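Paired with chain B in one complex and with chain C in the other, chain A is shared by the two complexes that follow.
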Partner chain A sequence: MRTLLRSLAAGVALLTCVAGASAMSSGKPEYGPRDETERGLWQQMDEYERELKNSEFLMNDPALNSYVKGVLCKAVGAERCGATRIYIVRTPYYNAMMAPNGMMIVWSGLLLRTRNEAELATVLGHEFAHFEKRHSIQMYNNVKSKTDAMTWLSVLPGGFLAQMSLMGSVMSFNRDMERQADLVALDDLARNGYDPIAASEIWEQLRAEMDSTSEGRRMRKAMDNAGDFFSSHPNSKERMEYLRAAAIGKRSSGQTMGTESYRRAMAPWWPQLINDQIKLNQFGATEFLLASMARGAWTADLLYARGELYRARGKEGDFASAIGFYKQAIAQDALLAESYRGLGVSLIRSGSKDEGKKALKQYLEKRPDADDHGIVSMMATTS
Partner chain B sequence: MAIAATAALLLTPAASFAESRQSLTKEAFAFPAQGQVRVVLFRPDVSVGEQSTGGLDQPNAGWTEQAREQLTAALGKAQAERNIELKLMPELTGDDAKLMSDYRKLFKTVADSVIKHRLFLLDPLPTKQEKFDWTLGEGASRLGALGGGEYGLFFYTMDSYESGSRKLARLLASTISEEQPSEVNMGYAGLVDLKTGDLVWINVDVKMAGDVRTTEGASLRIGELLDGFPVRAGIKATKVKK
Partner chain C sequence: MLASLAAPALADWVVMESGAEVKVAKGTMTVKPGAEWNRSSQRPSRRSEAWTRDGINLNELTFFGAINEGESILRQGYTTNEKLPRFKSDMLPTDITEMFEATNRMVLQSPVFKMGKVEPAKLGKHDGVRFSYNYSAQAEDIERRGEAVAAIVEGKLYIVNFVAPSLHYFDAGIGEVRTMVEGITINPPKAKAVDDGKKKKKRKPSSFDVMIEAAKK
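Here is the complex of A and B:
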């Protein structure tokens, strides 16, 4: 128990994050450290940020970074977003984290999962609310006061039950913060022109994926069960309900989802995002993820992704399935050149060499400056 | 953050070690007897904080800054006494900063491995017990060019002092149970030959003396941190008494 608590204290103290955390409120934004404790935490995070800036895993592309920052700035307003620095880290899992010094970390797996600007804004705005409301510092202070109390209680005979209830309340503080961040973000989104219904949609999708992952892995499932009492996530159903209820009152005609602009901004990165996900080698989980992202409507980018998934597995019948997905993708969006590449390779692998080479040549015509131009043109010309 | 992992690695079994300090020098290594010896100091990783009653470390920005300055000054003085010039690695930008960052991580990984497999023998590697042959590779020479020195020195310290209420709680608890973690005062230092990239000396101590918040303490700490530090050829190395 002491070990659990210590790792909890260490992990929770400095970063609040989507996958495991949460929020409070007050007047005008003011972001600097306020006391000795905050200065200490800021300094530690500044040290971490020094190293992060040099990480090989950062996606440094200026266009991508300014786009993501732009979405946050639109959601919370230019005067508030200026206090943050966003780092996009290439890793195929979903998370976004916010440190008390204004460092925001966005994992590329999140960019894969959000389907439009409003959804991305939901997650970024949620993290921003943690920052603005100083949640990580409150968590730290809360954990500190609770661990202090626990130390005193452990000195007293019979203090064990009291310790247990204190641990529960450490986590419920967290749930309150999560809820507050949700609602603050939703308010910001709606006020600044994004459709607030996006909030319940993206959280629902992420929650569904999390449930399916823990069902898929017994260990995770067991941990989730053991963690019920400590669960830091607001109840899924309850969360969707309050998000949806709050959104309905705040919808208006000028708001957008930003689906098309999001798709355009992600287009250059899409093949890489998909490739990173597929390399996790979790066929079932990826299939579930794509289906939950589709929400019943398979768009070209998702069809392409599904084609890649089947082609990568390459079991009996997979190439035929992949060919079908690529063809549907091309029918919907002939500009997604990578679909031709996948189609060409799948056709060749399943024996239709000439047709396959033709598709590869189409890929090369559409992407004359592709990184893999050399190898693809070799495949397209040799027999 | 990485130092916390090292701390966890070391702290658990620390009680069972006869010696809290372990150092090793590459066989027959000594600085040249004559001429200039320049050691580039890479930005020290220093963390100083205070433990709450519950044992949670609360980092203290003021103490940390102060400790970094005082440790660096004490280190410069100690090296000057050995006729070694200490040079501070300048603040780097762009690709140079990336390179430095990569080598810092590589050093930590190598040092962790030496600490675990060789110094404290938590998990001894059969092929690494005889020779002391750990290296960062020849590419490390680029750091020598950037810093203007023949050797590179990394050091890390982590201190978490007990607050008054923490001390009292531990005192009370000791009457009914024994295991109560207390102060953390640990550090390690490693010297790299920047021509070859070889690690030539390493020293680790999980129970260090010297309150790094004071000038005298920082100087005492540096004395311990440099325990067994190589000397110029022909001079007998001294061991600091525990």
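Here is the complex of A and C:
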């Protein structure tokens, strides 16, 4: 209710607003509001942005934020990216959206899915192109002409994050706009040193994930509810084809995928990102995601994650699978303490108590300061 | 954990007197509150009940009693997403805390949930696990803290869970809750009582039910 009231208040302010763009919006004239209606929309977005700044969901680590902003700036050029402010929101679904006032929102699930800088740049550049081409303003005017936009902005249900994503889906762009944003972003990428083939690769991967997800029971519905990216971005075969064709003409030797720099930047965040995904309890989607990240080369981290996924489901045979994954993870990286924990629990659950206790003790030796040290000590000695 | 889900306006409240023994969660546990609490008529699940002192958003104490093999902690209806994790009687203490965490993340639709210390503890005279955590729900601007003690007794899961805003209310309330948890008695239901529960769930509508339905139309 509080949120609804707040939105209504903002709506009233919007109706009476005649002032220029607020301090939070970009001062650059080419990105600023052009008439009174747009100023109203700007103000509404600024209000959301103020709220977002205080959200418990914001990942405001300076290094992470400056890295992501840096990728956008490299992709579109330092001159143009200055008009945007990026907010990374901890939500384990795939989404990125951009408001007309220059606020770009990136969900943490995106960072888990992109595999290199060029893929991340593709998505950020795509959203930036919608912004620069003023697509959301055009869509807003369309919506406004059909219905009372004030009412529309005021009645969006849920918390403000839900409102933001719902807004994203209401403002879904038409096919021409999507194509324009795709090709503008691809041009930018190629010109600024990223390999443009990344564009078709990331959309292809997301499309495959969507397919694997909709195969899962009730999964599609869950993703729709989450206001996920696919509900507003048609991801057709045709799109892959025109992106691939366009990329071929623009590839050159100086371009990079930025795989290693991406991996380094994400390394501190990866355990949290994968943990958030695993705890969604979406077995099929997560299994697909892990496999697509591995691309046949299962690293210790990915094997550990897969062990966690199987152990959490705990169906018949899952503990045996999990034990295999943890053992492979440990074989690759003996310092990965959490693998010993998962291994120990899985062994005990599947009847190998002594071996399980031994693994738990190894976990405790490697993590003497673990939060669960007390209970795991007990499990390692008495269970 | 239900602060953002329950609709207190629709609940009826019964005062739980300080110092008086009272059976909770359908008689599966007996506690003696050291302060005056209010019991909500709305159950977070079939096997639980919720108490508060100052309003469910400010402090919430939930008793989950005798959760059976294959049942979830909360009602499946709280989430339209995936199936909530189910209890298994061979779960280890860390499995219980992981199930609790996953349930909350799914129901609250929030990844901002962090498990803190997990250590051995007693629920009444039974060996169990105590765990603390904090989280934020999407529709709120505040951080909440929680502490729960869980134990498996005769193959069934019992949890007593206290949640309050991290600012002031958690610290103000947890002391009395810990004392109450120490003195709790678990009354495992007899096999027959469980069967009755199942029968009730499956029962066909009586002629009385049909009459009421007709009257509504």
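FYI, the second predicted complex is superposed on the first by the 224 of 383 C-alpha atoms of A that agree within 3 Å, B and C clash if a C-alpha of one lies under 4 Å from a C-alpha of the other, contacts with A are read in each partner's own complex, and residues count from 1 in each chain.
Keep this in mind: contacts are C-beta pairs under 8 Å (C-beta built on N, C-alpha and C of every residue); 3 or more make two chains touch, one makes a residue touch a chain.
Here the structure is a predicted model, which means the values were calculated and not measured.
Undergrad: Who does A:N54 touch here: chain B (first), chain C (second), both, or neither?
TA: both
Undergrad: For A:Q43, is the partner it touches chain B (first), chain C (second), both, or none of the two (neither)?
TA: first
Undergrad: Touching A:R349 in the superposition: chain B (first), chain C (second), both, neither?
TA: After superposition on chain A, A:R349 lies in contact with chain C alone.
Undergrad: Where on chain A do the contacts from chain B and from chain C line up?
TA: Dual-contact residues (chain A): 54-56.
Undergrad: For the complex, which residues does chain B have touching chain A?
TA: Listed in rising order, the residues of chain B that touch chain A are 1, 4, 45, 47, 49, 52-56, 58-62, 64-65, 97-98, 100-102, 104-105, 165-166, 169, 172-173, 176.
Undergrad: Contact residues on chain A for chain B in the complex?
TA: Residues 6, 9-10, 13, 33, 36-37, 39-44, 47-48, 51, 53-56, 143-144, 146-152, 154-155, 157 of chain A touch chain B in their complex.
Undergrad: Contact residues on chain A for chain C in the complex?
TA: 3, 54-57, 90-92, 108, 158-159, 161-162, 218-219, 221-222, 225-226, 276, 279-282, 312, 314, 341, 345, 348-349, 371-372, 374-376, 378-379, 383
Undergrad: Show me the residue ranges of chain C that touch chain A in the complex, using the header's touch definition.
TA: 80-85, 88, 90-95, 97-98, 101-102, 105-106, 109-112, 115-120, 129, 136-143
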